[in-house]
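Both complexes below contain chain A, partnered by chain B and then by chain C.
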Partner chain A sequence: MDTVIQQLFNAAQLGAVYALIALGYSMVYGIIRLINFAHGDIFMLGGFIGLLLTTHLGWLPFYLMMPLAMLLTALAGVAIERVAYRRLRHAQRMSVVITTLGVGIFLENLVRLTVGPETRQLPARLPTAPVLWLQNTLGAFVTWDKLLIILLSLALMAILWLVINKTLVGTAMRAVADNKDVVPLMGVNLNLIIAATFAIGSALAAAGGIFYGQAYSIDPYMGIDLGWKAFIAAVIGGIGSIEGAVLGSFLLAGVEVLTVAYLSSNLKNGIAFGLLILLLLVWPSGIMGKPMLKKV
Partner chain B sequence: MNLRLLALLPLLVLAGCKPTAQELKIGVSAPMTGDISAIGQSTKNAIAIAQEEINAGGGIKVGDKLVKVRFVIEDDENKPESTATVFQKLINQDKVLAIIGSQTSKCSNAGAPIAEAAGIPQVTPWSTNPNVTKGRKFIFRACFIDPFQGRVVAQFATEKLKAKTAAVVYDVASDYNKGIAEVFRDEFTKMGGKIVGFETYNTKDTDFSAQFTKIKGGKPDVIFLPNYFNEVPLQIQQARKLGITATMLGGDGWDNPELVKLGGAVMNGAYFSNHYSPDIDNPIAKAFIATYQTRFKIVPDAAAALTYDCAQLLFKAMATAGKADSRAIREALAVTKGFQGVTGGITYAGSGDPVKGAVVIKVENGKFVFDSAVNP
Partner chain C sequence: MALRIEGLVKAFGGLTAVSGLNLDLGDRDIQGIIGPNGAGKTTVFNLITGIYQPDRGRLRLGEQELTGLAPDAIARAGIARTFQNIRLFAHMTVLDNITMALHGRAGYSLWEAVLRTGNYRRQETRLRVESRDHLARFGLADRQQELAGSLPYGEQRRLEIARALATGPKVLLLDEPAAGMNPKEVEELILLIRQVHRDFPLAILLIEHQMPVVLELCAHIQVLDFGQTIAAGAPQDVTRNPLVIEAYLGEAEAPA
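Now for the complex of A and B:
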């Protein structure tokens, strides 16, 4: 019985990281209908910025290191949008998608050349002792860092929800998502709103990268596989929907972990993705997605 | 016909001629980049020493004169598909006489059919999967094979650690990991132990917590992780964070300084089987380790020691053959008897697999310490 609860914590931790990445995919898609395939590599970049900050500025406490890494990654995200995507905003869809793939490959090789190809871990800055209360009441062996990663991720998602629903920037974002041709006529600075979306998405991905480096490990190519997983989670939840991205992520992680726990680790990806295909057959635009209307 | 093209004709004639050997070219296929690039670095270091040493003496005697040796190192990225390309390039473009490599079994297995078809002898330093040489005439290796290694670890677990229950977590997408995991399972059961968990993952997975949580229920005495040094520390760390206290065991894939660099204290108290130990009392090994340490400031891992042995095996075969001919080198290599290398003696008797012993190494305070030796 104790392992069931432990497995649920495993799934929650993995799902939290998927969600932090998936949100970026979903937000950017919601605003400019662009699938930013470099987003997985932004997540990787965030993890490595976190690594460089912890190793070179060792005195920086975690609660300062993390916002700083998020800020730097946000700047990188905005810079990429400005340099690589903005000029292509009215180009063919295919040109932009290819550009995002190119940016991803550029980032992977940039990190490989400057930091090196080895697998690394972020020095442990979160306590790794087991949470005694959980051990005594539920019999589940869960370490503090796992619990903190889950809670901090949920807190970031709550902040995002507040920003989108309660602030002016958030209102503008939702308006742009609704109609990006008319909203600028109302005096909204479109470029600024798009830059803000990239900044928020990249900052969340950086948080995911740092958590991932604490819980698991980071390497220059990790963004490829995890990026795909998060992208799929976003599609399952309904791409363009914030709540959907979170829901899809926890669902994917849950199915993955429970397949290993109760069926077979050999079948992990097969069963996880088989189930997701079935879900998409029932909800073609994702669980919380809106059917796309073609504007004439 | 264009006159300028005509002027090129003599060159074509020259290219068609069999060149009088001015250098003996040996190809090397190694993972210079990618997930285990540290092994590529070890390969390159060992090759550099071997090349310098042989050429300092003038080279190898071919016919009646000494000819220098030149190595051509190519990056196979630890990917089977890239290894196939590297082998084709080494054979068709560089016209090498023999190939050293690759390091991992999955890559050597991808290159072997190409070397076999071209009649180029291939000696792999570190590929322990039996299939690499099976049914092939031109493929040799300097290391023991997995059935032996799996048995060594199973025996160590039951006899020395008195383990009654064991669990295995391995990468199902890699020939090496899968092969040794299955042998361990069978041997451990045969020796009276019980396997309480046999879990898999896929190359590049980084979250193993679901597998370990599942294993935890079976309360194993030991956990066998026949995976590579870049993943093992993360696996052990995740297992410890889930409250698992079992002794961790591994195979030769653990042997690289990165293991303790990445894992730190979490690696202490773990054991793995290996090809050699730097502590071992062998004059050839001592000389090699001393040269390697002065030059590269680190102790050579098994991949480096085995690569050096591969080069020496080829030098010896070339000298015996006495000509720059791949088939003659293969014939000389196949009858190698009583060769003494850094990792011990090598004799080929009818196949490309040498009969060799293994050592068990313990990780203590971030150092690899010799624990025991096992002979076949």
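Now for the complex of A and C:
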């Protein structure tokens, strides 16, 4: 019993990281129908910015380092949109797909050349002691960093929900998703709203990268595997839907972790991708795949 | 003068959709543009709002040059429009539709919004209050939490006009507002446009197929055919013009 609970916490931690990435895929797709295949590499970049800040500005406490890394990654995301994607907004879909893949390869090699190809551990900045309360009540061995990563991720998702549903920028983002062509006629600068979406998506991915580096390790190519998984999670949930991205992420992580724990680690990807195919046969547009960024 | 258009030209490939249009719209005027289908009327609106860029000609709003500006800048300068086929944010609430329109006038930057500064939060609260007041003026206060796309047709039309007005325009462009309405709804629409003209300090430019609406509202109309003005003046005179009758009125239905 206790191991099941431990596995569920593992799944929640992995699902939280997937969700932080999947949200960016889903938001960008929701507003401009662009699948940003470089988004997994933004996640990687966020992790490395976190690593550089931790090693060079070691005195920065975690609660300052993390927002700073998110801000810097957000700037990178905005810059990529400005330089590489904006002028392709009316281009053929294939040109855009190729460009996003190219940006991803660029980011991977940029980090490989500047920081190095090695796998690295982000210095532990969160407490790693076990949560005694969980050990005493449920008999589950769960460390504080794992619990904090799950809780902080959920908090970020809650903030995102509030931003989208309760603020002006969020209203504008939903309006772009709803009827992009009418937004400029409201006197609202469409480019600003699209930039804000890239900023928010990249900042969330950076949080995911830092959490992932705390929980596991980082390397310049980690965005490929994790990015695809998060993309699958977003598609399963219904790409364009915020709630769907979160749901799909926890679902996928749950299936993966439980497969590894109780079946075989070799089957992990087979089952994850098989699940994608099965779910899409039943729900072609994903579990919550209705009009994007829809208010619930 | 609110809106001044000089020698506006727009061609698509070999087809000249608008060919040398001139128009002077006074500060408080209600003017109409009529003409058969494909005469270039909606193209004129798309040129004024910056959706298309003109090949030649100038657009000015008061003293401000609009030629070449982006659609959002033109909207902020004071030109708002509605569409023949209503274009609301259909999956958003009625209130959110209005808030979006007020949004363009809110002064804050991207980083203020992302970091949620005090200035941004004050703007946000103010806009929510303004949105509610604005809806009340159009009898839509009870509907504010409903999805715009779920309203009955007449109310969608009213919301679209209310949303256009929320941007604070000096000129309101109405593209066939009576399209798809029955005679009773048309009557209500005429009253609504009169009320808008009385309550808001603006000029109205109207494209319309239904002659009763034009005759009822406009002191001055301009008739387009194949992108060219074939007649202009008071509606009563224009509708007797043989050119107009040939181009437009003769082919489908007689004027009311």
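The criterion applied here is as follows: the second predicted complex is superposed on the first by the 290 of 296 C-alpha atoms of A that agree within 3 Å, B and C clash if a C-alpha of one lies under 4 Å from a C-alpha of the other, contacts with A are read in each partner's own complex, and residues count from 1 in each chain.
Here is the rule we use: a residue touches a chain if its C-beta (ideal position, glycine included) is under 8 Å from a C-beta of that chain, and two chains touch if they have at least 3 such contacts.
Values in this document were obtained by computation on a predicted structure and should not be read as measured data.
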First (chain B), second (chain C), both or neither touched by A:195: second
First (chain B), second (chain C), both or neither touched by A:117: first
Partner chain(s) touched by A:10 [first = chain B, second = chain C, both, neither]: first
Which of chain B and chain C A:174 touches, first, second, both or neither: second
Those residues of chain A which chain B touches in one complex and chain C touches in the other: none
Chain B residues within the chain A interface of the complex: 33-35, 37-38, 172, 199-202, 204, 206-207, 209-211, 213-214, 216-217, 230-231, 234, 237-238, 241-243, 258, 262
Contacting residues of chain C [partner chain A, same complex]: 49-51, 70-72, 75-76, 80-81, 87-93, 96, 99-101, 103-106, 110, 113-114, 116, 120, 123-124, 127, 163, 167
Partner chain C, residues of chain A touching it in the complex: 74, 167-169, 171-172, 174-175, 178-179, 181-190, 192, 195-196, 199-200, 291, 294-295
Chain B contact footprint on chain A (complex, rising order): 3, 6-7, 10-11, 13-14, 112, 117-121, 128, 130, 141, 143, 145-146, 212, 215-217, 219, 221-222, 225, 256-258, 260-261, 265-266, 268-269
